[in-house]
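Each of the next two complexes has subunit A plus one other chain: subunit B in the first, subunit C in the second.
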Partner chain A sequence: MAKRNGSGPATAESMASKQRDISVSEFFLKNRHLLGFDSPRRALLTAVKEAVDNSLDACEEGGILPEIAVELEQTAETRFRVTITDNGPGIVKNQIPKIFAKLLYGSKFHRLRMSRGQQGIGISAAGMYGQLTTGAATRILSRIKGAHTAHSMAVQIDTRQNKPAILSDTEQDWLPMFQPVNAEGQPEGEPVVSRHGTSVSIEMEAAYQRGRQSVDEFVKQCAIVNPHLSLHYRMTLLTKAESGKQKAEKGAAEVSTSAITPPPSTISVSYIRAIKLMPKIPDEILPHPHGVELGMLMQMLKDTESRTVRSALSSDFSRVSAQTALDICERAGIEPKTNPTRIAHQQSEALYKAIQGTKLMRPPTDCLSPIGEAQILAGLQKELKADFFTAVTREPAVYRGNPFQIEIGLAYARPQENEGLGNEEPVRVMRFANRVPLLYQGGACAMTKAVVGVNWKSYGLAQPKDALPLGPVVMLVHMASVWVPFTSESKDAIAGYGEIIDELTLGLQECGRRLSVFLHKRHHELEAARKRSYIEMYIPHLALGLKDILKLSDKEEDKVVTDLKRMLEKTHLDV
Partner chain B sequence: MSKANKVPSAPEIISKKAAAQKIMAVAGEIHEDIVKKHRKPEMVFPIRSLQNVKYDVKRGHFEILGKTATRTLSYNTVKTFAQSMRLLATTKNDLLDKDDIAGKREVYYNSKSWGECRFDEQPESDTLLDDIEAMLAINREQLGYIPEERGGDVTGPLVVIDQDPGNGKDIRIDCTKLGTGAWSIPSRVEHLRFEAGKARFILAIETASLFQRLVHHRYYEKAHCILISMSGVPTRACRRFIRRLADDQKLPVLAFTDGDPYGYCNIYRTLKVGSGQAAHINRFFCVPQAHYLGVTPQDIADYELEDATHPLEEADVKRAKDALKNDPFIQHHKEWQDALNHMLKLGVRVEQQAFAKHGLNFVLDTYLPDKLKKNKFLP
Partner chain C sequence: MAKRNGSGPATAESMASKQRDISVSEFFLKNRHLLGFDSPRRALLTAVKEAVDNSLDACEEGGILPEIAVELEQTAETRFRVTITDNGPGIVKNQIPKIFAKLLYGSKFHRLRMSRGQQGIGISAAGMYGQLTTGAATRILSRIKGAHTAHSMAVQIDTRQNKPAILSDTEQDWLPMFQPVNAEGQPEGEPVVSRHGTSVSIEMEAAYQRGRQSVDEFVKQCAIVNPHLSLHYRMTLLTKAESGKQKAEKGAAEVSTSAITPPPSTISVSYIRAIKLMPKIPDEILPHPHGVELGMLMQMLKDTESRTVRSALSSDFSRVSAQTALDICERAGIEPKTNPTRIAHQQSEALYKAIQGTKLMRPPTDCLSPIGEAQILAGLQKELKADFFTAVTREPAVYRGNPFQIEIGLAYARPQENEGLGNEEPVRVMRFANRVPLLYQGGACAMTKAVVGVNWKSYGLAQPKDALPLGPVVMLVHMASVWVPFTSESKDAIAGYGEIIDELTLGLQECGRRLSVFLHKRHHELEAARKRSYIEMYIPHLALGLKDILKLSDKEEDKVVTDLKRMLEKTHLDV
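Let's turn to the complex of A and B:
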């Protein structure tokens, strides 16, 4: 017998009383791992990443050479304040609350254009995470061109309604300022002051740790892949004494007795731009019919401003002419003049099949803005000490109706001058999607799989079976696309569509061939140098022997040495 | 056995000055190649192996053939070339010009002052010394290099007339008056003179222990022979000593070794006709008048030694087969081929000491007198 609680079985009415709307914000609260806030360490990186993405996108759209400051400041043992300042065009006052305190608000979701962010969920999610873990508000300073003051705002999200709540709103005299530092982390040169820009500051529960998945690595990779960017990074940890004091305040019994106070742990780096050329601003394109799912197709038919199916097809999609639209309608058995909003479910399925069965021109690809071979080289050379650099930008290609473009950079580094690189170490693969570094889930990413899939042995690198090749090599892999197919919303790994893997493989192989030429030449030179020093080591002994036997003069001895060197180098060293 | 063997001339005595001049000639040519003719210098050596010897029946030893190896200066040879020049310089300036001597191991250590040109292991310097000896066609003793190994021991009715190294006066050594010991053959024997009126033959013995037994029982008095212990393959000095003694006193030579391929093909063959390695100087370091007494494969049956044998080891079989295939001396003598094949068929070897089966002194009471009486030896 089942035991029943309360007043008996639930009725439809009692169940209905418990059913209600779930706001996106609430959903996020419970599923924050989907957006990259699953651990304190990762949350710190995600917040920086979202803010930097936004800053770069804004600067590039505004035609401004980006100058960005990233500051991490530990405020308590498990708390950081993250502040990102840019010299972008600034944000008008009305938009500030929505951008920073409303999920799924943005300019990027509805259009097909290559940009760093895609969903408009990132920065407000960071703010909400901060709010959730510390109760603190997101603070924004923003000054637009020509304004006399900057807006200063503190906002929070009303998580129930996904609405911004403004806590304070004042005008302030503020200008974004960037202080470059030298190799020792000491300020050097005049600070860069901009008349416009935005600064966002979020306090959150976070943890700082160095390594491959750290903010340090993220900003470095950003600098590599955006050689037109100047980025100033500053990270300050609490000193032992300070965090001890915090602890002591919490646990009253504890007494801090540390006699020596170590200096605060600080990192201060300036990555200065290597080129002043702005990336081309990508064009916006209409979706290509082959890249549209049935649900999306139905939504588009509902939303269209066109009066007939035929004109909806030809004006809302790319590569569909009036004639092609007619063909599709015929194939689907739909009257071309039907009102698109009236297309029934069954008909839309027929339409979907007809579209898939129709041959169409590939989508336009001039909407992509690759980094460019010269820029990749500049970025790599700026941050790596290597003997060989190469870069390949592939021609654009298409997967599922989405244009994309693959770029590969490769550096053969001097192991002793680059941390973590060595002849016996796996190569380092730096992955980027629309210029954004991807630091997590490398193993699940199509880019890593493509690197593993190439036979590097034929290019002169050792490679264990089904693994990354070994060697002091850094590979930069970039995919530019209007829609990057991530495997999850946290945007860590790229899905392995056949067309993408193929392009990756071709690009990697081209770099591999160039590496092979370099390694071959270098091997030859090393061999020649080794032989030369061997010959030069023994020739003087030969001459000395002759001198002793024949009582040669020093001059005659020297002549023997010179003549022999010339003779042997000619035959053995190809000189 | 005949006492009337043809006596080849003694090795050509080359004065130290002439040897030094030969070194200078070689070096001069190399120098000229480099600075005048602008071509890569070369060193030419006779090839030192069995492939490059023939068995000269008339002269009774291995004679070197004309095959030569040329070492041209290149990346691969530059180190050896440099070492050769430095070794030649040392030979001329330190040994020949200063009338000094050096052992092989001293040569190796001496090179330690040559920096990166030094020899890493002694076999390197030994090989190079052999090369130089062959290239100059002067045996290394005459260049001032002395062998490290002992030359062999002698007893019997023989007086050796040596010289005092200090004052050059004659010293007479009566080899019957050495008690239980024996006289050691020195590394240089060219200056020795002999008196051996009572001796009828020379018996060269492989092992020191059997030699000791014969000395102990003063076998040489009974058999009127000079006993020589070779201790394995006879050294150059030992071969030269036996040769000079045999030539000078017109004595036949008999060899008594273990009955195995090493005893036949290495010890006896080298004693009689010289080695493949040093073919360029064999004519001085060989004893063509030597004959083989035993132990032969036939002796195993004749003296009922079947249960005192050991199975041939893999190395023995290989040595025997190699000799049958490649050794010009064995190939010349049907008897030796038969003996080796006989041994391979039996699959056993027999040691000199095996006669102890019949009593400790069976070897000198029965075996040796018996064999000498039969007067039938292997060539």
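Let's turn to the complex of A and C:
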């Protein structure tokens, strides 16, 4: 067996000869668990999530009510083809290879504006994972507004260089078409045809499994927090015979011999939009001075197009007026007309301290687009049978200079009509960041921590120590921000900044108080009903007694019963 | 306030114009919590850890017994200068800028061999964090073997391009010198002078705090698992007066008016090596075929220098002999002399399946360098007062084709002589990966999960449900591997692969059984001692009684007492 190993201790020179660049694709390929591709099941969800995020962002930026089709098709025992099609504005041809086969490429990283995607990694990483596990290319079909044909491309990522390789590139006819289905999976209503859109298809090693962390759950939760979205979901598993054939091909011994082929196991469901109103397109904002660190300030002063420090301060930052800029310069002992580049090198620290010591308005919040209380209620009511619903949208707040906004929805469900909910079960927490469902790593998330941290006993729910409260309750927790601080690149859990935990807690407590009023009232009503039924049970006996004593006729007895009942109904039964 | 926002919905063309590259430095700067720089306190530890990892790796590769100085110097209220100096082989001049000011550059990523560093990110990230928070450059001084002078360089990272910028570059005289100190921080013994070495200095926003997650703890644990290392640690805090002055400069109101300046708070301690033997330099290995995925196989076939598939298989992989390579080709239906590049494109999947279906020896384990049971015991005994020590080094095992090895040390300490340990306290788990202490995210780590998963009640320790056992016990857990699967790039916790958890569990159980024998024996001895003292208490009364009954003289009474005691000592007191 050959080894590449040298012999003897290394010297500075021999070590230098081994140093080399590591491409960002190689890095993430080896560390793909950082991106959410650590197991076949999770990989399937992550790929769908990244593609749907991109589609929703593109539709909303393009001002188009989103229509998205998610298709999962099992192609071998451990393989799926994942196809996401949208009616978005489409992608111009020369951008397709980079967007789908280059990590760290995108439009959302360098701006401060709320969106689902942030880093320019997700969809390329999904393609790279597919390539690693199946050798297959990412296939894209895209038609832009006004174009006669669609581009069809197959791309792969050259991981050594983090560059796209184009395997095929043709023009073809295409119209994105979406066929709604009913609850039985049968076509229902007219198909929706769009003049533009994008479809991406990736084949990858994957596993499908139902449950709380499944694609089924993801698309359902997507529909809840995006009431303006129509989403058509179809999942097809191989039949046992097909799967057996695949196994036989793989060299395994087991072959299905059943003569009758059962139909393929499928799921087919359409979530039709509840409202035809687009969410407000959030504004892009400039960085707030109090969220900018010294090194970043220096970089901004070097990069500015302004000719003076004063104008750089007022035009590159939010909440700095010309007068405030003057005040800051004065406080820092800097001539306001100095060239910003010079300041970057010599007096940046004085300027930094002056900025930190200046009172400023909090950052603007037009950059956020919360779901809204009414929409949250509508979303929950569509999906859950419950007796009580409430929702709170908090005022925007700020962490590290980044505006954010917390929303909470709460439903007290009927356990018998909702699977997995019960008086003895922990409440269910549905987490969302910028309208994207978060299904993994709940335990590490600030949202879960905030729920655990609230004293739910005072609102009428049982709660074991340091744990989620118990009861047939569903909580929806949403954070909207220009920059969501995820604890890892797989974007599953939110980091526990103090300001974020505080806002979450206040929102949860507000919902808790309302729940408490409901539970209290319901308790009274149940008690009253119990007493009433108790008395009602005795009315006939009472009437019979009266009949005997007063020698009433049968008719008079009936009247007594009726009168007593009426009396009972009129009486306010205080418990 | 100016906004960069365009107006109206975006089109495919307007969106294309906003797409751009994101440099890996920009990415990690914005996501620096992924690298362990999310709080000032943790940043200090992470910087020290990355620098010490590099120094230890360099010394060991160079066959040099490591001598390392770690200096933390507070320079302002929220700032520290971190300086790490080693006696390693030094760094050749043209490599210095890239090693210290470019992310994803290094020698360890592309090889399969056990080392502390893996990714070529750590030390550059520390420098980038310093630059962001203080604007200062990373300063490096390095002298290589045989050179007359040392290179002195100041470098920064151009985050837009992930490229180093050299701010200064001079030659100067320098000899790395290490002065051991005693427990009082006073110089003791001769200073050690080396003809070569590297010193790196970074100024950064940081906070110092004692405790389990401090630099103090890190250097101490480093010394425990690296008994061949001499480490000199010095930490200097500003005096209150100096700190007050800094505050006043920052524009804060509070100024220290105390006339008497207290001496600066310092820590100064040397950990001198316990053994002069270098750990075995681990071999580099080739990838094991069962750990290689389809996409990686294709890449390897494209890259190989071999001219035939058969020779590519036997020379680029471990555990594939010429005969095995032939068998694999046959099974895949591939002509063994085919050009590997052709296979990469056409028949790679058949080849992949054939490899998966072929039995192969497990990967070689010369690539691992465990600490060893004797060294673990020595390390624990140096640091802890305990009545019982044990250690287990497991045989190497394999996950995803990567060899790894688990080691466990366990000490049953005297609570009164070890702070923080007690019968009612959870046991303390010290975690290590490739001899590097892991101080953060214990809850997310496979090592903690394995400890919780063992049934410690059967070994004599109390254990609440789903929690660490209780008792004055310290456990040392070490994983050595060519590739440690960390859950995040900050390298704090190990992912819970089944094979890893299994090995951890077996090692812990073995230590548990030994602990159980000790506790059982000690219980017997304590019981015996209790009975003995009980009986001894009554001997004089017994003798007095005998004296009265038998009319003994005082002398005879004394003899009775002596005889009874002797009898007692001889008797085996069965409890």
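FYI, the second predicted complex is superposed on the first by the 477 of 575 C-alpha atoms of A that agree within 3 Å, B and C clash if a C-alpha of one lies under 4 Å from a C-alpha of the other, contacts with A are read in each partner's own complex, and residues count from 1 in each chain.
Throughout what follows, a residue touches a chain if its C-beta (ideal position, glycine included) is under 8 Å from a C-beta of that chain, and two chains touch if they have at least 3 such contacts.
Predicted model only: the values in this text are computed from it and were never measured.
Of the two partner chains placed around the shared chain by superposition, subunit B is the only one that A:L552 touches, whereas subunit C remains out of contact. More residues of subunit A are in touch with C than with the other of subunit B and subunit C.
Contacts of A:Q381 after superposition on the shared chain: neither subunit B nor subunit C is touched. Once the two complexes are overlaid on the shared chain, A:Q347 sits clear of subunit B and of subunit C alike. In the overlay built on the shared chain, the residue A:S306 is in contact with neither subunit B nor subunit C.
In the overlay built on the shared chain, the residue A:L544 is in contact with subunit B alone; subunit C does not reach it. After overlaying the two complexes on the shared chain, residue contacts for A:T365 are found with neither subunit B nor subunit C.
For the contact definition in use here, the subunit B contact set and the subunit C contact set of subunit A share no residue.
Those residues of subunit B that touch subunit A in the complex are listed here as 23-24, 27-28, 30-31, 34-35, 38, 40, 73-75, 78-79, 81-89, 92-93, 114-117.
Interface residues of subunit A facing subunit B in the complex, by the touch rule stated above, are 531, 534-535, 537-539, 541-542, 544-546, 548-550, 552, 556, 559-560, 563-564, 567-568, 571-572.
On the subunit C side of its complex with subunit A, the touching residues are 1-5, 8-13, 15-16, 18-24, 26-27, 30-31, 33-34, 38, 58, 61-64, 89-92, 94-95, 98-99, 104-107, 109-111, 113, 119-120, 131-135, 144-145, 159, 196, 250-251, 281, 283-286, 293-296, 298-299, 314-315, 318-321, 331, 348-349, 353, 357, 364, 444, 483, 485, 487-489, 495.
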